[in-house]
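Right after this note come the structures.
Common to both upcoming complexes is chain A, partnered first by chain B, then by chain C.
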Partner chain A sequence: MSTTTSPAATDAMRSRRHRRHGNRFLAAVPYLAPAALLYGFFLVYPMLDSVRLSFFEWSGFRTEEPTFVGTDNYVRLFTADPVFWAAFRNSIIWVVLSLLVPMTLSLLLALALNRRMVGRNLFRSVFYIPAVFASITVAAMWRWIYNPTLGTVNQVLEAVGLESWSRQWLGDPDIALYSVFVAAIWQGVGFNMVLFLAGLQQVPVELVEAAKLDGARGPQIFRHVTMPALRPTFVVVLILTIISSLKVFDLVVGMTGGGPAQSTQVLALWSYTQSFSNHNFGQGGAVATVLLVISLCLVVPYLTWALKGEDR
Partner chain B sequence: MATATLTRVPTGTASATRRPRDWVGIGLWIALAISAIAWATPFVFMFLTSVKSKADVSQLSTWDLPTVWLWQNYADAVQTGDLWVTGGNSLLIALVKVPLGLLVASATAFALGRLRFRRSKLVLGLFAVGSMVPIQVALGPLFNTMLSLDLLDSRAGLLLPYLAFGIPYQVFMLYGFFKAIPDELDESARIDGASTFRVYWQICLPLARPALAALFILDFVATWNEYAMATTLLQSQSNWTIPLAVQGFSSQHATDYGALNAFIILSAVPVLIVYLMFQRYFVQGAFSGAVKG
Partner chain C sequence: MRFTRQSAVAAAAAAALVALAGCSGSGSGDGGTTDGEGGESVDLKVWMPTQEDAQTEAIATVIADFEAANPGITITLEERSVDAHKEALRQVVGTDAGPDVYWYWEGPGLGGELVDVGMSLDLTDYYAQYGWEDRFTEAGLAGITQYGGFHGIPWTMQGEAIYYNKALFEQAGITEPPASYEDLVAAADALVAAGTTPIQFGGTVNWHVMRLLDALIETTCGSDTADALNTTQTGWDTEECVTEAFTELKTWGEKYINEGFMGISNDDSSQLFYTGDAAMAFEGTWFDSNAVENGMDPENVGIFTFPTDTGRLYGFGEGFYINAESAHPDEAAMFLDSATSTATQEKVVGVWVAMSVNNEVAPKTDNPLHELWVPVFSGATGLYINNDQNLALDQTTEYWRIQNSVLTGDIAPQDAGAAFQAFIDAS
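Now for the complex of A and B:
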């Protein structure tokens, strides 16, 4: 976003470009077409079709024709579907917790690991490696770690004399969601840490040096030099965190399947369950549409802002 | 030993008068070491369990060494989980999908970043939105589409949506790299008579090599790990990919803990190899681009 071109040169280019706009578009078509076709047919179309299906009642079986029911699915979703509200609540909790815990942790790790120190690359790898594991694999690992009798967590608690703390980590509706979230922290911190590390590389060294010469200390440097320079990184991490929180699916499927008693149900999984397990593509489409609207409300302002910066 | 290495931690600035010991640095290092150990423990316990017999698993604590190192668990896991078949499927899909996806996405990023036609930014925005919407929103209709195209439960039927869902993110990232190329470069090439295709193929693509390498790794890992779409579109076990195999194994053989943990470890070996081989690109290539925009 930070390309520098002199204003005069920009003007000259712009007028030249204006005359050639038509040609440029025709020249661009062959390069755009393959991606546009794939993207349109296998991403945009299914998404819009989810919205369309949300106004129909349909079992998903080919033998049955979808029946148009207007807004019935939405009425039922908002007034008669307790699972939807549980899923909605859990998705919100998940987004808020993700913005608080793993984001803070990853920023702290990045700040610490931005210093030169012995074993820095090893540390970075240890924190990053869980991020390259498939979420479904992480789910299988943690289901084992949480195993009530043979799993690590309860055995450690017993070994240090805290038997009373041991419990059914994934079987207790009050804490199951948070147990799954711990696995998500373990997996997710490394990725954001790397983003923050990349952002820290863009903090101008001269500014830090100048601030030090002026007698600024660690916290002051952080507030007045590092933080402002990290702002674009923050925006990226923030938006990526929100999006990935709304997408949470694999971990829940692999660890609890949404249970016990819907206590770990989330929107993405409820949409899937309604369509494929309950054979109710209309209800599934309605949940998907809600999720789509939430995502777009968050993403479109961000993109508009990000792309405005692209102006030359 | 540890303290001897610790004193070598530099204080940061050359101009600062060197204090005898950087206590903040040492404290930080210890805190990091403890966190790193905590972060690595799940792997250690996974591994220990993967070489234990059923008797050892139920009688010993998770941190105890096995009485017999049962490497046979790995062989059993490969066989029971059909690892060669599912691994082959995953590898085939990744090796077709990743290069093809990068080719298609880079062509689009080139068109948007270098040919700059009117409304190109709007088109970029339309592409970018797709990388930010939950995949699950489209799963139901995607299933129907594949059913009507007769591509359900086939590797090709998984490949096409994988391509579609990889494109937006890659276009967004590569756009930044292509746009940063100085105008003089391709203008002079054009004056020398180069076609648009040559500008794309011989100037822009080679310049974007670091970004392409980083995206290749990221996309390989993401494709290898994808679960939601695969579980929707694939049915027969012979078409399964690795994540489906892991999920299948952990629900079917949930009590065979040794083999289960061995299978989990084996399933992640390829991504670990890819990660370790191309580690440096993770921080430098793609992510610095991501942060810039």
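Now for the complex of A and C:
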């Protein structure tokens, strides 16, 4: 059986639908307005103001008027700032490493702890607990672990006869960033593990059973059944990891302050340093804007994807 | 108002520190109490960095004494960490959200910056009213008058020098404290030969190692050129002595400073001095109590100035300032008068530094190390200030980056001056 609808009827239906949507939107406005206003004032306005500031030179003092300098702050940032490119490079390294190491470890832990085993919940808790700690606490702890004379790492290496491997873990500019990153892995793995564990609950058991009956082995089941079912979780973890990597700040502040010699500097911390330590709010705003653009490039596709999912 | 950094440093340097060593002035103007009757009650806000326990007790005494003598006035003390204190002050400049009285470092890059943007009230009238010019040492006043007029009142005068472990020096065959830079290097070599770490620093707080670089610049460049460099009046890329200073810095980093110093803080590195694992510490007057409280026998500790051969002492002043936006400047001045009066200073002398800025107050002698500072101050012909107080904030950040890059080998000593000058030129 087939039905046909005339163009006029179609237009009328569309019109009715638009009117219905329009009425629903108007009805929703009073409920949305307070949240939208707060969001605009506390989130959108500071972001836009930071972008605006990037075109001014301002010391941050209320008694001094900002001076419009056009794109000078960006020119200086890209051509004369001795730290910006190091911070940029470190931020990119941090994002890439975060996508490779902690994500892989989280997935492996989630797979391991998704099986029936004695003490499963205990292990899950143990791996998750670091995620609960404040970053500055984690930083203080790892600073002691890395202490060149009294720290656990060098002492253990010495105890097992590997004293030649001892390093100034936070004092050597060639390895300091990676030393801080190890602390970030320790802190961050548990959170992603929980997300993957939640995702694994969505893998249909009957599909796994069916695959087994068809003779599929572990790796084949993982590749052809588990992975496709985990795809939404992967996207969430991926995006959250990228965003949190770009925002990394407190762990670096607490462990190295960006040193030695700015070798662990990252964009978020450099923006803060320029604004609040150096009192170059224009320069700080320019760094923040660069960070914002990078973040938007990554977040917008995620939001688009997420909203499409809602519509579906 | 814009002050000249070079003249500011020159003024401070010209101050005779002899006065601080105990020479008495004709002091007057003590007291300054109010009856507080019949007037409205006034609440004064005072901002200071977070204080050590003994200092917390002492400032509480200062406040309690003032409030007892002035019933209509109460003091609310707000303390923050050092960096938070700096940020909070900068954020309230020009607003009515700031304190009535604030504590700050006197150097051009810090206290001078707030004078420059109009936060500090010129206290010339109060100096005349209370006779403060006679109360304070000449050296103490140098940091107050360096910007023209009278900005703030002196609170402490901090000197920085080398603390050394006498027993470790003896073990290394060093019989006299080094009198020249060559002697100091020879002493460091002797300590290395004896298996002792010559000097301790913590590199994660950049200003700790900066003391060594500042002293090396003073040593290799001499006082006039050093002042011109530190106030960016001459090019860092044109003075040969800059390369020499950075070369020496690198040598110290490679041979004489504790291993792994770039990865630890000053608090951590100080433990090496307390425990006898390092023979020297480049510290200031505040370190007297630290050394004793951490178990060192004061008889085993000596002090000598970094032998720059210029005669100047390394150090800085700290003061209390009245906010130009304060609604109660008269009451604030009364508080400052009370806090620096002879009666109050006699109660708290030795808590912040061994010697009060008040002429009439005798140096504290309860800690034997305090007495060692008297000849150090009296023997100095002037003062050279820590560069994080001389340079602008962004310049300080870059100065530290270059200093650390030289130490880590990322910048060659001969390129350091040019790198810093390029930054100054681009600013």
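What we mean here is this: the second predicted complex is superposed on the first by the 286 of 312 C-alpha atoms of A that agree within 3 Å, B and C clash if a C-alpha of one lies under 4 Å from a C-alpha of the other, contacts with A are read in each partner's own complex, and residues count from 1 in each chain.
We take it that contacts are C-beta pairs under 8 Å (C-beta built on N, C-alpha and C of every residue); 3 or more make two chains touch, one makes a residue touch a chain.
Note that this is a predicted model, so its numbers are computed, not measured.
**Student:** Give one of first, second, both or neither to describe whether A:S135 is in contact with chain B, with chain C, with both, or with none.
**Tutor:** In the superposed model, A:S135 contacts chain B only, not chain C.
**Student:** Which partner chains sit in contact with A:A80 here, chain B, chain C, both or neither? Use first/second/both/neither.
**Tutor:** Only chain C is touched by A:A80; chain B is not.
**Student:** Residues of chain A touched: more by chain B or chain C?
**Tutor:** Greater contact footprint in residues on chain A: B.
**Student:** Go through the superposed model and pick first if A:P260 touches only chain B, second if only chain C, both, or neither.
**Tutor:** In the superposed model, A:P260 contacts chain C only, not chain B.
**Student:** So, A:L43: does it touch chain B (first), chain C (second), both, or neither?
**Tutor:** Touch status of A:L43: first partner only.
**Student:** Looking at the overlay, what does A:T273 touch: chain B (first), chain C (second), both, or neither?
**Tutor:** In the superposed model, A:T273 contacts chain C only, not chain B.
**Student:** On the A-aligned overlay, A:P102 touches which partner chain: chain B = first, chain C = second, or both, or neither?
**Tutor:** A:P102: touches no partner chain.
**Student:** Of the two partner chains, chain B (first) and chain C (second), which one does A:W169 touch, if any: first, second, both, or neither?
**Tutor:** second
**Student:** Going by the contact rule set out at the top, does A:R62 touch chain B (first), chain C (second), both, or neither?
**Tutor:** Touch status of A:R62: both partners.
**Student:** Which residues of chain A are in contact with chain B in one complex and with chain C in the other?
**Tutor:** 60, 62, 276
**Student:** Chain A touches which residues of chain B in the complex?
**Tutor:** 5-6, 8-10, 12-13, 15-16, 25, 28-29, 31-33, 35-36, 39-43, 45-46, 49, 57-58, 61-63, 104-105, 107-108, 110-112, 115-118, 120-121, 123-125, 127-130, 132-145, 147, 160-161, 163-165, 167-168, 171, 176, 179-180, 183, 196, 200, 221, 224-228, 231-232, 242-243, 246-247, 249-250, 257, 260-261, 264, 267-268, 271-272, 274-275, 279, 282-284, 287-288, 290-293
**Student:** Which of the residues in chain A come into contact with chain C in the complex?
**Tutor:** Counting only chain A, the residues touching chain C are 59-64, 76, 80, 82-83, 146-149, 168-173, 176, 256-257, 259-263, 273-274, 276-280.
**Student:** Would you pull the chain C residues touching chain A in the complex into a rising list?
**Tutor:** Residue list for chain C touching chain A: 83, 87, 90-91, 93-95, 117-119, 203-206, 259-264, 268, 393-394, 397-398, 400-402, 404-405, 407-408, 410, 419, 422-423, 426.
**Student:** Quick check: in the complex, which residue numbers of chain A touch chain B?
**Tutor:** Per the stated touch rule, the residues are 1-3, 5, 13, 17, 21, 24-25, 27-28, 30-32, 34-36, 38-39, 41-47, 49-50, 53, 60, 62, 109, 112-113, 115-119, 122-130, 132-137, 140-145, 150-152, 155, 159, 186, 194-195, 197-199, 201-202, 209, 212-213, 232-233, 236, 239, 243, 246-247, 249-250, 253-254, 268-269, 271-272, 275-276, 281, 284-285, 288-289, 291-292, 295-296, 299-300, 302-304, 306-307, 309-310.
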